[in-house]
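The same chain A turns up in both complexes below, where it pairs with chain B and then with chain C.
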Partner chain A sequence: MNPDLIIEILPAFLRAAWLTLWLSVLAIALAAVLGFGLNAALQLAPRVTPLYRTIVWVVRGTPFLAQLFVLYFGLPQIGLAMDAITAAVVGLAIYGSAYFAEIFRACWQSIPRGQVEAGRVFGMSRLAILRHIEWPQAGRLAIPMLVNQAILVLKESSVVSIITVPELTMTAGTVVADTFSYLEPYLLLGLIYWLMALALASLGRATERLIALTPSPKA
Partner chain B sequence: MNASAVSVPMVSLKGVCKSYGPVQVLHDFELDVARGEVVTLIGPSGSGKTTALRCMNFLEAHDAGEVRIRGALLGYSTRSDGTRQRESERSVAEVRACVAMVFQQFNLWPHMRVIDNVMAPLTIARGVPAEQARARAQKALERVGLGAKAQAYPAQLSGGQQQRVGIARALVVEPEVMLLDEPTSALDPELVDEVLEVILSLVREGMTMVMVTHEMGFAAKVSTRVVFMEAGRIVEQGPPATLFQTPKTERLRAFLRTWLSRQRQAFELPVNDGATA
Partner chain C sequence: MPWFERWLGYAAPIGHGLLTTAALSAVAIAMGFAVAIALHLTRTRTRGPLPARGLVGVYVSFFRGTPLLVQLLMLFYLPAAFGLDLNPWLAAGLVLALNSAAFQSEILRSGFEAIPVAQLEAARVFGLSERQMFRHIQLPQVLRLTFPALVNEAVDIIKGSAVVSVLAIADLMRVGKQLVAVSYRPLEVYLAIALAYLVLTTLVSWGAARLVRARSTGAAA
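Let's look at the complex of A and B:
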């Protein structure tokens, strides 16, 4: 273990970590919005069920790497080129959206039908029920699972190193190629991912506490 | 009251059929409920009581027949060629706006405070300004004896109190008909009376009601008419005194005998008097 090497590579790693962080956070936000939209469409218009299922099946059933290759190397063949970072964000957002949608769907299902019926009986529109009855409960319920999925997306972002996005994992690879040292770059890489995951988890717990209906003992 | 108001029933079901897959739960069901009537549906489990009630506000879409609220068709309109056309969600809501419901499982919204639960039908569904809605909701809560619980969450209340909130939520829309689906079946025995008390007070005020219940004594006390159902059909109906004291059909006699013997067993024949312990 060479402490000097760690100090030497730290600035480059921090720059790369910043890229990892913002592209992941952007992708997570987009994935959450897309996932919410997919589930909302499913709830408001049961007719979209086959489409919803197809999207979830395809996105969830194929490796992220393959999706990313199609997006970055495949689409230019039909005239749809994008740069590596855009492809990374779009790819991660699509990949995450299927999982987020399923999380929302599960939380929606956990709300007793009777509550929805009560909304209908008292004259609420389907949209009003979604907004005032289902969302406030399902959203609260979803947070631990959303955080879980967000952390998975964060770590999955390491895959975009393959399409030359100079994020954390690619930077570690470069150091290895230059120095033939594996230990220092990958320990540092692990530590940085771990800190970012920790930040996401803390943010999630803080949000849970903030919007809890009744104060709960701090976990 | 003029003649037309008398002749148009508040709720009218004509030839209503309803099946769940291969099981037909309602067969050509016919029922007219006049203004001021309190109609109680009784019968064994699976006889279609709750389904009949849920057809009255289109929580269940009937397969055939007509449901009318104050003369207006609910759920379907009839095309010129005689086929039915499903009405929009909005027009269904308009027709049933004067029909409120109280549920067996209360179906309060647990993330809202009691006052917000009672306000919601006004603010969210009817666009009543919040302050006006709050005042009306508070009045409805006081009406069921829960004015002091406005800021509580449903989970902080007993079952009986939750059901009274459910009744307040139904009252706040100033309904002309109330549908009550086994309003005391989910309650601990000692909490039943407080809910029945509130329902009784509504009956005294002349509220039109259709109620499904297993509280036979209460049905006898408050109903203007008791309807005994079995297998999706009305077997017998009439004023409670007639129906309970001189049942015409053997099926109703058997149903009442079972109920009476269970009452008697509960009070007169201790199964375990401690001697064998």
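Let's look at the complex of A and C:
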């Protein structure tokens, strides 16, 4: 292994890691909003159940790469062309939204209806019930799952290198082509993803601890 | 060429690609299961100093913390740095298996932890050996408990296997690229490819659910 080479290629990798990071964060945020919306639609209008089930079935039953190819290579055929980065963010957001929706649904269903009814009996407003009964429990339950899903989206984002988004994985390929060495770029590539996933996981654990420390309304 | 003739032309290559993807995934999941059992036994049965258990932890953390595509590229190109050229099929099967092993070992761990300690104590009182306990008490229960999670993992591997197409392996995804190169109709081809994946993953989860139902009603009777 050549330390000089690592120092030489490090800036390119860090720039690419930055692209991977903001691409993923943007996609995760969009996916969470979309997923929340999907679940809200399901809870408020039971008529959309078949549509909801179909979306979740199709998105979770097909590879992200296939979804991305339909978006990036398929849609231009009907005049809907996107550049690679847009297709990457939109694709990751759609992919993630189905999983996020299922997480929100699971958390929503975990709270017994009796608690909400009891809150109403005690004269709590709907907002107070949401704030003091539903959110503390659902949030505590949701955070580990949401963080896990965020890590999955971050990892899946490496696939967008195949449609030539110059993020981390693609950069490793270009660095290899420039330097003619495989060892350092690919070791660095694996290491950076690993560190990002570990960082995200420990951020999640810190959030969990923070939430556990805030006094719950049961007292 | 009329559309139905064109679509009929897609059927054979897509069927072929589907079989390739299914076979590659099946081999990877089976190999991954064997490795996962080995990982689990290493983690729980080794006594004394840490190295073996520590290595298992690092292995699982790495394979769960990095993208499958990156693992594939690393396993394919890193040996090349030492003048060792790996066959793409071997690299693909190996990476899918090693990746799945990490996830399956975590699933198995939760299964083994769910078995009450008292059962093992009772077995020990009755003079069962470690091997007998593993074979007759732990494994059957763990398999039943973790079966749904293992099926989920199998579906993840089928979907994840799409990235091996970057190594020019003629799996389902690669077939899509080849068909597009001929027909210049990416939308219908990639939709058909996605549909083929959906059929495969749905069949796997549906078959697994049926199996669970059949077994549980059989046990009740």
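Odds and ends about this structure:
Note that in this section the second predicted complex is superposed on the first by the 188 of 219 C-alpha atoms of A that agree within 3 Å, B and C clash if a C-alpha of one lies under 4 Å from a C-alpha of the other, contacts with A are read in each partner's own complex, and residues count from 1 in each chain.
Convention: a residue touches a chain if its C-beta (ideal position, glycine included) is under 8 Å from a C-beta of that chain, and two chains touch if they have at least 3 such contacts.
Quick caveat: nothing in here was measured; it's all calculated off a predicted structure.
Of the two partner chains placed around the shared chain by superposition, chain C is the only one that A:L65 touches, whereas chain B remains out of contact. By the touch criterion stated above, A:E117 is placed in contact with chain B alone, chain C being left untouched. In the overlay built on the shared chain, the residue A:P136 is in contact with chain B alone; chain C does not reach it. In the superposition on chain A, A:W18 makes contact with neither chain B nor chain C. When the two complexes are overlaid on their common chain A, residue A:G74 makes contact with chain C while staying clear of chain B.
Touch criterion met: A:A128 reaches chain B, while chain C stays clear of it.
Taking chain A as the reference chain, the count of touched residues is higher for C when chain B and chain C are set side by side. Of all residues in chain B, those touching chain A in their complex are 57, 59, 89-90, 93, 96-97, 99-101, 103, 105, 107-111, 120-121, 124-126, 153, 169, 173. Every residue of chain A that touches chain C in the complex is listed here, in rising order: 57-58, 61-67, 69-70, 73-78, 151, 155-159, 161-162, 169, 172-173, 176, 181-183, 186-187, 189-190, 193-194, 197-198, 201.
By the touch criterion given at the top, residues 61-62, 64-71, 73-74, 77-78, 80-81, 155, 158-163, 165-166, 173, 176, 180, 185-191, 193-194, 197-198, 201-202 of chain C touch chain A in their complex. By the touch criterion given at the top, residues 112, 114-115, 117-126, 128, 132-133, 136-137, 140, 213-214 of chain A touch chain B in their complex.
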